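First, the structure itself, so that you have it in front of you.
Going by the order they are written in, the chains are A, B, C, D and E; count residues from 1 in each one.
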Amino acid sequence: MRKVTVFPKSNEVKREKIASTLLGSSVILLFLISWELLFQFRLVNPLFISSPSRVVLALITIITDGSLLQNLIISGQEFVFGYGVAILIGFPIGIMLGWFKLIRAAFGPFIAAMQATPRIALMPLFIIWFGLGITSKIVIVLLSAIFPLIVNLQVAMSTIDNDLIHVARAYGASRWQVFRSIALPTSLPFLITGLRLAASRGLLGVIMAEVFGGAAGIGYMIQYAGSTFQTDKVFAGVLVVAFTGITLDFTLDRFGRYFDRWRGEVAVH
Amino acid sequence: TNKNEQSAQKGETQKTLVRYATSAGNLPITFGIKKGYFAEQGLDVKIVTITGGVEAVTAAAAGEADLGGMGSPILVGAAAGVPITIIGAPPASGQHFVLVSKPQYKDFADLKGKPVSPGAPGQGTIQAFNVIAKAKGFKPSDFQYVNAGTSANALAALQAGKVEAIITSEMIGVKAELEGFGKILERAADYFGHYQHSFIFATNSFIKEKPEAVRGFLAAYRKTVEYLKAHPDEAIKFAVTELQQDEVTYRKVNEKEIPTWETSGRIDFAGTEHAIKILKDLGDIDPNSKVTAQQIVDEQFLPK
Amino acid sequence: MKEAIIEKSSVAAVVHSTVVTAANGHAAPAVKLNGRGREPLESLAKHPVKLSIKDLVIGYLDKQSGHTMVAVDKVTLDIREGEFVTIVGLSGCGKSTFLNAIAGLVKHQHGEIRVNDRIVTGPGMDRAVVFQKASLLPWRKVGRNITYGLELSGMKQAAAREKAGYYVNLVRLNGFEDHYPHQLSGGMQQRVNLARALACDPEVLLLDEPFAALDAITRELMQNELLELCEKVGKTVLMVTHQIDEAVLLSDRVIIFSSRPAYVLADIRIPIERPRKSLIKDSEEFRGFMNEIWRVIEGNANIGGGI
Amino acid sequence: MRKVTVFPKSNEVKREKIASTLLGSSVILLFLISWELLFQFRLVNPLFISSPSRVVLALITIITDGSLLQNLIISGQEFVFGYGVAILIGFPIGIMLGWFKLIRAAFGPFIAAMQATPRIALMPLFIIWFGLGITSKIVIVLLSAIFPLIVNLQVAMSTIDNDLIHVARAYGASRWQVFRSIALPTSLPFLITGLRLAASRGLLGVIMAEVFGGAAGIGYMIQYAGSTFQTDKVFAGVLVVAFTGITLDFTLDRFGRYFDRWRGEVAVH
Amino acid sequence: MKEAIIEKSSVAAVVHSTVVTAANGHAAPAVKLNGRGREPLESLAKHPVKLSIKDLVIGYLDKQSGHTMVAVDKVTLDIREGEFVTIVGLSGCGKSTFLNAIAGLVKHQHGEIRVNDRIVTGPGMDRAVVFQKASLLPWRKVGRNITYGLELSGMKQAAAREKAGYYVNLVRLNGFEDHYPHQLSGGMQQRVNLARALACDPEVLLLDEPFAALDAITRELMQNELLELCEKVGKTVLMVTHQIDEAVLLSDRVIIFSSRPAYVLADIRIPIERPRKSLIKDSEEFRGFMNEIWRVIEGNANIGGGI
């Protein structure tokens, strides 16, 4: 009898995941350490730049006095609603623009114009239309987050493999089924990219909205701390936002990779 | 003695809501609320936090604020036709900006040709700089205008040597001095003479609907100011603990200033006319406007 | 450089002794196919017309240049219920185009296509296609690629999986249900493509070179499975193939397409008794049909084709 | 002889192009007309909202007095440099992140953090590092524009068809040739999307930078007009920006479509 | 449900009378091929070994499960300069994997591959591949797909276009240079794929079912072109095919792979005189080889294969 070659089970995937997390964390750690050193050797002005250790102290303060949580809840609400509505509206708009030539021809330029309209200039309108409460902030987050979604989805729809559309149609797929079973999986990378860009823009939108006219939230906290020279607190706020950004990005990326796992690795090496 | 106080005694439920637009960390209003002076008047004052006078005016026009206290944009807004009326003045209503230079400067004239940051267009700071410059015999074009804003950004620009002088609030000026990279070279107040910079306004509709609330507000406001003036230490402590102001700086600025506060809330009409004239010269108010202080001020709600 | 042996021109259809013009088949009384098996060959002519193509013209518009290239030119063809018809023709002549038009995927400019006497305006569940390219959904594992058509038709996943199991077995892909398409060999992908269509159990099967990527053994296995399936259930099949022996083995009729633009060069009846076994390939009758088809194709290629 | 069917030449493409331009313009026109009507019937507050006719008048004023051109030149410079540098830096970063797993693991989280770091909070640092001149504005534009490029390109690299990479490698393509001949054409839709998003973000960045610390440029003009309630001029400025946005978007989109013309139309209908 | 006739197990290589174990070919004195034509068959044994595969094992790691599926299991094979070798085997047995490994595209876990006695670590210009899937660059027109390899090697576009022109003609795609791949039929795409590889004029040609999508006529044309090309220039060719007649017609040796994991079941020399014409297919000798190959494959499929 012939002896057939057998390979032992590999746990490469697990090892790779751990290694990559370690690598990413260590780069950030390295950055923090250099920053701390710069600070300790007085190479930066403590009036404007804090240091990781002081930021941690500031973080502990705002965690224990409850103000971080309180602000986080408010900013969180603004973000979740703004981002959520952006997805709810941006999705269908992007898809329709991508799918229907006529709709694209009609509304494409209009949306391009909206996208490039400086929000700051229209702040008074925002206040008049949406007030100074949470609504105006949600609208700002929405406007910050929605365009990457629209544009990315629109383009995604035009890159779908025609052969697969043919398959779906041949098997009697309705337009909605074509969308669900072909367009959605194909455009997933675009979609996730849109969501990732939208998430970070949305976070910045929250902060901007609160800096410009807020009475609460992380952005307000940052703004107020800045104007009262509490630099450590400013950086603590920034850190919270950046960390949220990493977490969201990481989650979305993993999510995307999970659904995209059918793709073999790109073998350029 | 007045209707508000009576109704306040009847019960909490009937308090009148007053939305007051001002910047974050405003001392009198926060303190007054904390002390319950407004509640005594049957008022439930909610602070609408805004970042500048223009926004305050916009918020009023949008129906987001009933009353508000800010600087000269209120005049600009009222002159431009926003339906608001000036009803009083905060305790320190003069021009309070200072010109902070790098420590090596001895004289304003030495700044000629140098980069300076007088703040963003439309802000009172630019007016202040121009007025000082004019008094010293210079034109605005004699300086290199750059805009680093007026707050922490301006301070950073000064410290980093990106500008040689900034116009800013006294607080920041003092901070710069304490840190050792700035020096208060000039005070705008010295050049403005009769000049009123800050105002308290109410929207015309609120005045029409709830004149008593306006009256009550100003009464409570005055009570607060009088109390603060009498207890400057308590004021500073409050600012530091509750408003998280930087203690050293705040104390340095306000220890002397609070006892000099003007408590009446009265408008300086001559000063206001002067302000309008300056704003017209700058083009912030349409130069052809016929607006006068009398038209936009109504002092009848101030407590006697 | 070698000269091209073949020159392009249009010629009249070559007509052979056994050629039957497809269009002149007239409607026959409906014969019920009860799934219990296929009637003897002679009765096929009495079956109702399942697929009727009349004067079909299909052109591809090149948007850049504005020119339309005609791929299928006035093809007329009737296929009766339960018939197995194959199309052969030169590469690029228009076979896939024709099949895709029947599937409702390619628009035609003239003529009409009827299935069950209803004009075709788009794809429908009455037809299923095995595409020339496997065109599997790369994000679905083999199992769920096979159930794709079933899922679209609303079948529950569990039921679909069960039904698919049969076809996984039929195309000999047991053990590969959980592989993604890119983990399969070319022939395996084509078999998934086949199973996907068979699983839908459509009235009309449109097969575009379904066995092209298979080795001789596997091909024979699959041919036998298809033969058995069709003879048992009496499906109507229209298949494109390049293997003339395959065409003869499986078909009731072999249609020979001319070089592009495709029209019907010949329509040859294969009256070999069913059920057939691949052993018949060695029979004299079988060879006769193969030679005849070969002659038609070659004749066209030499006198009027282009590749 | 058989008569072969022949079709007349079609000019569908040209007709479609004209129709789509008309459609897009008419939607915008319709919007402007409704706006003017709202204004004429005093349904909006003229103190904060201008009208198309008044914006046109304001535009004429700032064109004739030369202030528009002057500001446009300054803003234009900031945009061109910022956008240009964003492309120059963002491109290789995005590609490297997409192509090299190790680099992605190391710097992905760091970049995600940067992306979500609120710029407003770090303005003092910007001033200290980049001064108040054009450099700091270019940096702000750069930071606004670069992330869509990085993220989109990164993802694009992971969606390349492995078969094509194999083809390129089999024919002896160097890594750079694989990039040029396979990765670039495949990722074009992603690339163009990135460029489109970056363009509009960059425009907003210019305006924001000038609003925050400018002494010239369209943003400064808008800010100044806004704080003195010259609403017509504010809208004139906004219009200029929005129009620039449409033009850029349109150009990039056409550009993308040109290079993507090999794709058949997606046949969902 | 029909029972699968075939069961999986590993058996020793079937050895036939004409089978020559590939590994025992020892180095022969180099014979210069001057492009003026191919030496008579006997002298082939004196040619240097061009391609040497030793104990090759290739497995695919499934990252999700961590399991490695072995596709090619200890294949040893020497191919001499100017030899034409074909591989036949069941669908999914590992032929493409093997070819791709030689092309340097798939990593092997054990053993070694040498070309010109140098160990292969990656793709190289000495080899060119015709992939099983056409894998054309969809954004390049036919013309520029054919010149792709030439452009990569640094040839100027004009020169490349001229050279490509010859191969456009060879694969009978004149007039389609300006079409995009999606505007071609399946067979036309495959011919572009072929032309792209031929245009590169590599020392070793690796062909993975290059004619599978072609009709009988076109296939024969292409076979003849390839035969002529190889006999004239004396290329070393390793080709996968499913058509046994094609294998016999073209090859000096036919390698039969077992079912997965693939190893060499048999290595059959085809000592038919060259130049060959497709007419030889009718000869007794030809039939003999076909039957022999068929028997080996069938034997393996029945006793030990899986599909």
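Going forward, a contact is a pair of C-beta atoms (placed from the backbone, for glycine too) under 8 Å apart; a residue touches a chain by one contact, two chains touch by 3 or more.
Given the structure is predicted, the values throughout are model-derived calculations rather than measurements.
Touch-path distance (fewest steps) from chain B to chain E is 2.
Taken together, chain B and chain C share the touching chains A, D.
Across the assembly, the chain pair joined by the most C-beta contact pairs is A-D. Averaging Cα atoms per chain gives one point for each, and the point farthest from that of chain C is the centre of B.
Centre-to-centre, using mean CA coordinates, chain A is 50 Å away from chain C.
One inter-chain figure worth recording: chain B and chain D are separated by 40 Å, centre to centre, where each centre is the mean of the chain's CA atoms. Contacts with at least two other chains are made by residues 45, 48, 123-124, 128, 162, 166, 169, 211, 223, 226, 260, 263-264, 267 of chain A.
The residues of chain C that reach two or more other chains are 105, 133, 182, listed in rising order. Annotation for chain B: residues touching 2 or more other chains are 54, 58, 61, 152, 155-156, 159. Chain pairs that touch one another are A-B, A-C, A-D, A-E, B-D, C-D, C-E, D-E.
Chain contact summary for the complex, chain C toward chain D: residues 10-13, 57, 59, 61, 63-64, 66-68, 70, 73-74, 105, 109-110, 182, 261, 263. Residues 1-7, 9-13, 162, 261, 267 of chain A touch chain E in their complex.
Chain contact summary for the complex, chain B toward chain D: residues 54, 58, 61, 73, 76-77, 80-82, 115, 117, 120-123, 145-149, 152-153, 155-157, 159-160, 162-163, 283-285. For chain E in complex with chain D, the residues that touch the partner chain are 100, 103-105, 122-125, 127-129, 131, 133, 135, 137-141, 148-149, 151-153, 180, 182, 196, 200. Contact residues on chain A toward chain B in their complex (touch as defined above): 45, 47-48, 123-124, 127-129, 131-132, 211-215, 220, 223-230.
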